[in-house]
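These are the structures in question, set out in turn.
Below are two complexes that have subunit A in common, paired first with subunit B and then with subunit C.
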Partner chain A sequence: MTALLIPAALLLGLVFVVPMLRYVWLSGHADSVLTGLVAIPNQGANWVRLLNDARFWQDAAQTLRFAVVSVGLEILLALAIALLLDQRWRGRGAVRALTLIPWALPTTVMALGWRWIFNTPYGPLEQVSGLLGGPALNILSNPSISWLATVFGDVWKTTPFAALILLAGLQTIPSDLYEALKLEGASAATCFKRITLPLLQPYIALALLFRLAQAFGVFDLIQVMTGGGPAGSTESLALYAYLNAMRFLDFGYSATVMMGSFLLLISLCIICWICLQSLQRRLGRA
Partner chain B sequence: MIKRRHQAVGLSVLAFVLSVLLLPSGLYWAQARSVERVSILMPAPFADASKELVHAFNQQHRGEIHLETIRGPLETEAISDLAISSLLLGDAPFDALLMDVTWLPKYAAAGWLVPLDRWFTAADIDALASGAREGNRYNNSLYRWPFTADMGLLYWRTDLMEQPPKTPEDLVQISRALQEQKRVPWGYVWQGRQYEGLSCVFLEMIDGFGGFWMRPDKGEIGLDRPAGVKATTWLRNLITSGVSPQAVTNYAESEALQSFKMGDAAFMRNWPYAWAELQKPDSAVQGKVAVTTMVAEEGVSPTATLGSWGLALLQTSSHQEATAEAIRYLTSVDSQKKLYLGYGYTPTVQALFLDPELMDVNPILPDLLEALEHTKPRPQTPLYAQFSDVLQRDLNGVLTGNQSPSDGMAEATSTSKTILRSAGEVMP
Partner chain C sequence: MTLQRRLWIVLLLTWSLGPLLWQLYTSFSINEALVTPFADLPQRWTFAHYQAVLTGDPPFWRYLFNSLIVGAGSTVLTLIIAIPAAYALTRSQARISQVARVVLIGAALFPYVLLFLALLEVARSLNLGNHLLALTIPYAALSQPLAILLLSSAFRDLPIDLEEAATLEGLDLWQKLRWVLIPLIAPATTSTAILVFLFAWNEYPIALTWISDSNLLTLPVAMARIAGSSIYSVPYGAYAAATVLGSIPLILLVLMFQKSIVSGLTSGAVKG
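Presenting the complex of A and B:
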């Protein structure tokens, strides 16, 4: 029987394990335009550089902030949307399909759209602010708020994905549970707290982890919308790794940045998992 | 008997059909073996503009060389990514590449390019305008032959002033006067976004204040010296004093052009391509624009950042002679003339700037030549992308008010020095 697993194992090895090992290996070498693109072992110099690289840590903090805030907002919104789409009402099928549109559109195209929407002074947002007599907003040229614009773009785009997972979760909850609780005279809020939330918890966890991993590796949205600016304030770790590889031709360090962000992501996921476990235990007791 | 005749007829029909089918492919095969197929990767607008030239070249070399251009992405950085990806994989599907001036040291150091010295003589080089001779060499070898010249220019409004400003102070004064008279909402629009265009703007200003960005060969960084801080402060003050809109810190070329084209500014920094855009019927400043070289302090020679695209031959090409022939053709005096008349691409050959036929079409040609005499390349090192990236981050930080000019320049200097130092450890 185990022989049947060989093709899948081979595929996994080829697609995941080999590139990972290659990255680990590369992060221990100097391999850049200065070495003529030949890998030369450099005794962990890349890792020392990473630990002392203020830009790496600044980008890590920015990536974390981006991921946590956008995924948090997405889950909240997705829960509301999923609850709405789970109810029976006329035209629900069409609306269900429509909510998926942002998710189906290519990120690059939408990022260009957002860049235009937030444009000063010709973007529609500025025009509205001008009509209302407000000041110039300058959202994409203000380092302290530009990142919120990228969060906005990400939430708009990926909330439907989280909503889809949560909707699937809602549909696995048998309706007789609700009927039973209602017979005991429970309110809708109680039903939500006692049935929906505990039973939906594994799906929330799934959506959270999927989205967290994805948001932590954000590249296309940032690259197109802000290019990492202004003043480097929206640069993500993936963008920094890309710059090192494709612009600076420094593959050794780029691999180290990727490995570093991978380790950070793994720790983030573990922390999330522990939090969710304790939350579930508390919900189970309640 | 009848059956056999039928068979014979059937066989001959079959033979005929087969020969008709096979003949063209046989001919094609024979031809494909002798014709050298050369392909060149270019950003799409360049490929479109060279279509007629490529056609003429193929007519001339029928049966010997077949040239084709590959339409790459429009954005400089996107085409660089595409080229680098194929070069890294080892066997690029093109023989030559149209490259930006800043890529050259990096590509040459990576060993991807073939020196062109064999195909271009000293006389060829002497025929180029002085500014077009820059930025084609690395370690004393010629790696790129200029296809079109490009340099930073100061656009000014002839309906708002008699003479363009010469110094940074003039520019600010004229702008403020015009703004106070409510003749124009903004004085000066330029490229302040965190990207390569900002480095080009800055090179012109730091040189214009008598300083320098860096001298890679001596390992010197000039950003935190007085001229660097002065240039940075000047740019920041443009924004705080309202001469430039705050949004300029997110402007690239197209945003600046949009604003100037709508008549919203008295000055704009841009490249020669903007001229044609400003002369279109939908432009509010049609016929009211002239160009000059960027402002510089009294007694300092002004600087125009050298742009320019050129053709480079790839190490992996198996048709090097044929490719060099194509490069020669595409950059010949005749081709440059056609590209200029048809598409407005600035020539690189000195003589063309004084050609009456060309001057008729475009009156700014002498101004372009003058700017071309003041061009300076950005620091020529394989690590240029890193240095430029550091400058863009810190400078944009200053422009958006995140840090003071002296702090920003001090940080950019120390980061640049770290890059130089770690490069020294790798490079013997």
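Presenting the complex of A and C:
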């Protein structure tokens, strides 16, 4: 019987375990154009370089900012959508299908679409701003706000996924709970706070954790929409690792950046997990 | 229906579909209309962008075809490997299946883009670059966690008596799977298949690094390539036409398989 597991285990090992071992090995070696693309042990020099690499830490901060803000917005929006889709009305199934469309499209398809929508001076946002007599927005060329445009693109695409998870959670809540509380004269807001939020909490945690891990690895959207610019302000860790390998041809350091990103993500997940646990205890007591 | 609810629904649909409708509008507009949208133009509509995209070299349908091959191949390979594994997992000891679940969830959470460099080295050393079907190997591997979790929860839901009856009838393991169990988990298999297909169709970083031959590009990579390297010279009209053409198959797929997609995405959340 266990023989049936072997092909899947081999495949997972080949694609997950072998690469990670390879990165551990590569991150201890200099392997770039300078070494003639031959791996030479360099006694942890890659890791020292990583710790002192301002660009790595800036990208780490940017990636974290991107992930936290876009996942936070996503969960709020998803909660609103799930509450709307949880009610009974005609055409609900069709609307649910239509809201899924952004999630199903390839990221690169709309990434360029966003570039056009945020384009200066011809994009619709600029045109409307101009028509209203507003200033030029220059969203994608202003390093302090262009990351918000990438957040927007990410929220648009991934909210349906979170909304579906939360909707599934809402549908597990028995309706007599609400009726019982309403009999006591509780308002809709009280019902939401006393029943919906506590019972939905595991689903929120699930969507949060899953989306946070994915947002932390954001690549497609950034690479196509802004290319990491302007002035590197939207560059994510995954894009930095990609550039190190494919543009600077520094494979040893690229592997180190990937390992570093992976370690940061694991610490982030652990911190999140601890926060959620303590939040859960507090909600349980309340 | 209350007015307030109707308003929220309109808002939701505008948010979800508005950007796509804007691409649709862009794809049929002449360049002058895009640059000066409020100018009084005698004729603002055109099919030229679609013509340019469809008669390009290679023509656009080629990318759709490539993505179709990769998507279908990955789906088949994933199911061939995941169905036996999912079955074995439900019939193995509780401890083993517990550990396997944790490992699979961890793998599902892993941002796989971080694997691209090592995978590229694998592709180079095994000479897998520029083969469409070679892409199905990493895609099937990356799809295993989701596929095994979904399918094993479907196997677990089947009554054990059924299997015992099949054993009493003298069916061996293969016959049991083929004639009794696999037909019964068809809904979960459909969900898995459609989710894997969507993943393979949409995957970007691995396809970007494995395929360089412009005749073999999958749709997401081809789209990114249209963008070229400069932010300022993107042919937005042609690009919007490509967006529309590239979106149509997926929109049809979502509308046709809505129920399977939703149950696939949420059954893991509800049960686990």
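The definition used in the following text is that the second predicted complex is superposed on the first by the 274 of 286 C-alpha atoms of A that agree within 3 Å, B and C clash if a C-alpha of one lies under 4 Å from a C-alpha of the other, contacts with A are read in each partner's own complex, and residues count from 1 in each chain.
Rule of thumb we're sticking to: contacts are C-beta pairs under 8 Å (C-beta built on N, C-alpha and C of every residue); 3 or more make two chains touch, one makes a residue touch a chain.
Being a predicted model, the structure only gives us computed values, none of them experimental.
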item	value
First, second, both or neither for A:A188, with subunit B first and subunit C second	neither
Subunit B versus subunit C as contact partner of A:V48, first or second or both or neither	neither
First, second, both or neither for A:L249, with subunit B first and subunit C second	first
First, second, both or neither for A:M110, with subunit B first and subunit C second	second
Subunit B versus subunit C as contact partner of A:V224, first or second or both or neither	second
Superposed model, subunit A: greater residue contact from subunit B or subunit C	C
Touched partner set for A:P143, first subunit B, second subunit C, both or neither	first
Touched partner set for A:V33, first subunit B, second subunit C, both or neither	first
First (subunit B), second (subunit C), both or neither touched by A:L263	neither
Partner chain in contact with A:N119 - subunit B first, subunit C second, else both or neither	both
Footprint overlap on subunit A, comparing subunit B with subunit C	119, 122, 140, 227, 229, 246
Complex interface listing, subunit C residues touching subunit A	1, 5, 8-9, 12-13, 15-17, 19-20, 22-23, 26, 34-35, 37-38, 81-82, 84-85, 87-89, 91-92, 100, 107-122, 137-138, 140-142, 144-145, 148, 173, 198, 201-202, 204-205, 209, 219-221, 223-224, 226-227, 231, 234, 236, 239-240, 243, 246-247, 250-251, 253-255, 258, 261-262, 265-266, 269-270
Subunit C partner contacts - residues on subunit A that touch it in the complex	1-5, 7-9, 11-12, 14-16, 18-20, 22-23, 81, 84, 87, 89-90, 93, 95-102, 104-117, 119, 122, 124, 127, 131, 140, 156, 160-161, 164-165, 167-169, 172, 203, 206-207, 209-210, 213-214, 216-217, 219-220, 223-224, 227, 229, 238, 241-242, 245-246, 251, 254-255, 258, 261-262, 265, 269
Touching residues on subunit B, where the partner in the complex is subunit A	77, 80-81, 84-85, 88, 106, 109-111, 192-195, 245-250, 255, 258, 382-383, 385-386, 389, 392-394, 396-397, 399-400, 402, 422-423, 426-427
Interface residues, subunit A side, partner subunit B - complex	30, 32-37, 40, 49, 119-122, 136, 138, 140-143, 226-233, 243, 246-250
